[in-house]
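The two complexes that follow have chain A in common; it is paired with chain B in the first and with chain C in the second.
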Partner chain A sequence: MSDTAATLTQDRQKLEMAALSAPAVVFTVAMIAFPVVYTIWLGFQTFSSTGKQSFAGLANYSKLISDVEFWHGLWITIALFVLSLALQLVFGVWLALVLFHAKRLPGIVRSLFISPFMMPPVVAGMMWLVILDPSLGAANYILQSFGLPPSDWLASPTWVIPTVALIDSWQWTPYVALIVLGGLQSLPPSVYEAAQIDGASPFKTFHRITLPLLLPTIVTAAILRSVDLLRFFDIIYITTQGGPGNASNTLNIYGFRVGFEFFNIGYASALMLTLTAIVFGAVLAFNRLRGAVAW
Partner chain B sequence: MTDAANTDRWIRRLNLVQLVLAGAIIMAPTVWMVLSSFKPSFEVTAYPPTLVFTPTLENYVELTRTTPFLSYALNSLIVTVGSTALGLMFGIPAAFAVSWTRISWPAILTLAARMAPGTLFLLPWYVMFRQVGMIGSYTALILSHAVITLPIVIWVLLPSFDGIPRSVFEAAQVDGCSVTRILWRIALPLVASGVAVSAILAFVFSWNYFLFALVLSNGDTKTLIAAAFNFIGEGSTQWGALMAAATLIALPPLVLAALVQRWLVSGLTLGAVKG
Partner chain C sequence: MKARMLATHVALPVFAIAAASAPAHAADFDWMKFKGKTVTFLANNNPVAQALLTYKADFEKLTGMTLKVDAYQEQQMRQRLVTVMNANSDEVDVFMTLPSREGEQFAAAGWYGDLTTMARNEVAKDYDPNGLSQALLKAATFNGKLTSMPMNIEGPIFYYRTDIFKKCGLEAPKTIKDVEAAAEKIKTCDGAVTPFVSRGLKPAIAYTFSNMLHNIGGTYIASGKSNLCSAKGKEALDTYSRLMRDFGPPGVVNYSFQQISALYRSGRAAMAFESSNELRTVMEGGARLKDTGLLPFPAGEAGQVPTTIGWGMAVSSHSKQPEAAWYFVQWATSPEVQKKMALQGIAPPRPSVAKDPEYRKWIDEEPVRKEWQAALDVLATKGSSEVGYPIVANPESREFIGQAVQDLILKQKPVEQACADADKALDALIARK
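Coming up: the complex of A and B.
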């Protein structure tokens, strides 16, 4: 084969490869990239009550800074994020260790453990709505039969965020556990053997050897959960719609309501772009952390 | 020596207790939902709650009688199957090209799209789809849900394609096979199980997705998930029917997930963890 013929086949191959990715790329540009640019533009517009649209400069963003509801939403979003992530990482690592020491896991047990996060969050919200009903729910009955005071759960402005965190943690702790279990199974067994020979206690082995080696996996799980937690929507929208009052009005819920209940598309765009920046900022920060703990 | 064996046995017992405890906490709410859906209506709201009752199908009958449950289910099926098919159609060749060329930006582009909050796209989609009169159409719903399915297909399939030895492709190239032919005739059969897992995961996440259908569907095209509100609204005390609806909505993803549970975890982390 001559040189020109070889380049020709190579060029042809490049073209064929481009043609293979083209549908996915064109689809993503049409459905994501272009709409996001459009959202950025919408963020500089105001819409009058008659639907007339005009350029507003940075008005939507200066409104955001003075909007009490935005700062409240940001606080709720961060509180829910920190609380849920802490619960899911702590119990996820615990559950992973329990599963790891069980050695043999029948398929049925695995199916059981993945069932919470494979069902729609909306369904999780529906079932917990019934279980946590303040007057007739099973949860308060159980509390009272142990002599504990009943709670208003989702109907209480104080408890609604911890309750939502609890529901989400019920759903996603097994997911974190299975990721961490994968990390545990890929650790070289030789490190444990060495620790055992040195006579290290199980606690010391975990604290000094297992945990540091697991950190990259745990940070990965944290990244995957953070993306969902910072844009929390489904469970809150189906159970409280941001209530009672505005006690569970996360940024995503607030942005959605500004856009589709009050039809203030311009301001909603500014809100959602801000939330998107927060999500990507968190992912980048965690990614650097993962780089720092990698071995 | 017997001392060590004794401690060992105790540790194993303690571990089993913890495993059973975790299993019970994970299972209890789902079991309660299913039980409640089979309770006679007067017993669903009984306080103290009852565990022993005569099971009945009245809640399911009530659900199909008072709500268009079956047409919602059909809408869900159309949108989910459509978006899964679209995700596979676009995702399989893209994953193959990324794996072959090592040019990864198309894959990263779709992943970034999955990380942004859905409302970010929903706002411009709403404005654009309204302008062309597509709000409430299956097309708008399928296109929006394909945004969910496409990155799943690409990222689940990438490691599968990466796992095929390069020599297989090189041999085919020497034989004069075009790239497209290599994909469909040689590579695809080798990653068939990966395709199945990606299709099931795409189906599950598209079925479960709430936000887009909430805005882009109308009375005729409403999916089950978007209609969940109606079930809650139509009877704050109709818990039986509500739990029957919840059980039926959760059934397809749970059955599918159980089928591929062994391969699920590595797929769910979108390649971040080798599990």
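Coming up: the complex of A and C.
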């Protein structure tokens, strides 16, 4: 076959491939791009209380800078993110180590350990709402049985964020543990054999070998949880709706209320795009970190 | 600004005028006119819709239409409605609405179909539109257009434990001061129960707080400005939050109807100020059937001005089959269906149903039901539908009322600062177009 004929055949094959994959590409682009572009467009619109729409330019974004509720929501979002992520990574690694070393643990016990994250967040929220009810819930009953003072849990402006972080960590720590467990199982046994020969203590083995080798896996788990934690919504919506006062009013909850309760879709879109940018920023930062700790 | 009064003696006979020519068309009315069509109903999954939808098959048999039900919890229902209406979609034909909350807003946005003509020309012989509460019809009329038909009548009422009151030597309270005095006495007399509970969850507070504000003689707006910092406004804020803080359960700032009903039903609250709709939930299991007394909320300096509202059924302005949709609305608000719903504990918005012998027999079966109906009669005659600010941004106004009350319950601000902060935010809302 001549070069020209071969090139023509290759071109035809490329065209065929493009034609065959076009519907899937168009569908995917439409499903992803359209909502994003539409939201960007909405962010430049203003809606009156009666739903009347007009072009607002950057007004929604300049409003955002002077909006006390936005900055408060951002602070709450970051506080919840840091606290929950720290709890989930620490306890997730611990749970993974327990599951990894407890070879004789029956399958059903392992399944029970990891079952919370399979529960729908709405169910988890409702369940914890009942348990933490200061008057009727089991949590205060248990505290008082041990002679400890009762807590207002979700009704206390001081304790609401730690309580929500605990609920989320109860649900998602097993998920982190599963990812870390996968990482543990893939670590090279030869390194541990060498450490054993050198007489390294279990703590030193963990500190000097396991943890550094696991870091890329832990960062991956952190990326996956970060995306969810920065968009935290369901459990707060079920348990506190952003209260008491504004004590748990994350950016996502605030944006939802602005859009769907006060019908200001334009400003809500600007809020949500800002949150999206923050999520992207966090993912990029973690990705760089993952690159730095790769081995 | 005066509260939007519901009292029948002040209500304009809007619907009576509209209905005057109805009988001329009733003879031609055919329930099977839209046989084969499908009507989509966006429902709030509350006791009112649950009772109505028990008879869904009856509607389909009567009309030959198919009723597609899209049911959500209240907030999710509104979320879906906002999405559908902003997209000018015809996906929803009929939706449930609270005129006291979103009436001004939805009417201004043009989301309600105009029912005035259909309610005059397309009515069955036995529909009796004049029999519906004229006051609730007036509350659903905006700029002369009838926007929804009432499904029920409801409002917050005062539940109290007669056995605890007797044990503590207390009489049923007649005034707000009596409520506070009773709470004080119960606190020492029976330390195991919560003396008083009402709504403390921020967006839910306006429903019960409005009743106290109006009883005390306060108003939300005066001379076009927010009026929470008036003497009466501050008194209402202070009294409501003091009752909740000093005599309410721990964590009351997260309390809405579910928590209040659960606490009272379990016997752990002596007084509860909660919706009349919660009677069925509160009486579940029968533990509270014999030891509960019911009253409209006790009087303040301005007497009793109970909060009275009702869910309505509206036809979407984007519906491509408003007439078929109207047939469903008409069936759902007919005397026959409302009587069936009343027997399930849904207070009827038709005085004729309230007087029906079968319904009266059901009421007479239990003293607590008699007191419930008596309280509802007061709500129907003296009520105000003003829950939150009577402005287009009513739902948002409820946030600021709730915030002021929560600030006081949690002792985060003194009353002067809480009301001033609320007034500032609310003045901006009032000014917003």
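Everything that follows uses one rule, which is that the second predicted complex is superposed on the first by the 263 of 295 C-alpha atoms of A that agree within 3 Å, B and C clash if a C-alpha of one lies under 4 Å from a C-alpha of the other, contacts with A are read in each partner's own complex, and residues count from 1 in each chain.
The rule is short, and it goes like this: a contact is a pair of C-beta atoms (placed from the backbone, for glycine too) under 8 Å apart; a residue touches a chain by one contact, two chains touch by 3 or more.
Computed from a predicted model, the values in this text were never measured in an experiment.
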Does the chain A-based superposition show chain B and chain C clashing or fitting? clash
I'd like to know which partner A:L273 touches here: chain B for first, chain C for second, both or neither. first
State whether chain B or chain C is in contact with more residues of chain A in the superposed arrangement. B
On the A-aligned overlay, A:S54 touches which partner chain: chain B = first, chain C = second, or both, or neither? neither
Who does A:P116 touch here: chain B (first), chain C (second), both, or neither? first
Touch test for A:V98: chain B only (first), chain C only (second), both, or neither? first
Tell me the contact category for A:I265 with respect to chain B and chain C: first, second, both or neither. both
Mind working out whether A:S21 is in touch with chain B, chain C, both or neither, as first, second, both or neither? first
Output check: A:P134 vs chain B and chain C. Expected answer is one of first, second, both, neither. What do you get? second
In the overlay, answer first, second, both or neither for which of chain B and chain C A:G243 touches. second
Clash with chain B (superposed arrangement) - responsible stretch of chain C out of 254-262, 272-280, 308-316 or 416-424: 254-262
Following superposition on chain A, which residues of chain A contact chain B and also contact chain C? 135-136, 259-260, 265
Over in the complex, which chain C residues touch chain A? Could you list them? 75, 78-79, 82, 85-86, 105, 108-111, 194, 201-203, 249-254, 259, 262-263, 266, 268, 392-393, 395-396, 399, 403, 406-407, 410, 412, 432-433
For a test of understanding, state which residues of chain B touch chain A in their complex under the given definition. 11-12, 15-16, 18-19, 22-23, 25-27, 29-30, 32-33, 36, 45, 47-49, 89-91, 93-94, 96-98, 100-101, 103, 106, 109-110, 113, 115-128, 143-144, 146-147, 150, 154, 178-180, 183, 204, 207-208, 210-211, 214-215, 225, 228-229, 231-232, 239, 242-243, 245-246, 249-250, 253-254, 257-258, 261-262, 264-266, 268-270, 272-275
Would you pull the chain A residues touching chain C in the complex into a rising list? 48-52, 133-136, 140, 150, 152-157, 239-246, 257, 259-263, 265
Write out the stretch or stretches of chain A touching chain B in their complex. 13, 16-21, 23-25, 27-28, 31-33, 35-36, 38-39, 42, 94-95, 98-99, 101-102, 107, 109-116, 118-124, 126-131, 135-136, 138, 141, 170, 174-175, 178-179, 181-183, 185-186, 202, 217, 220, 223-224, 227, 230-231, 233-234, 237-238, 252, 255-256, 259-260, 265, 268-269, 272-273, 275-276, 279-280, 283
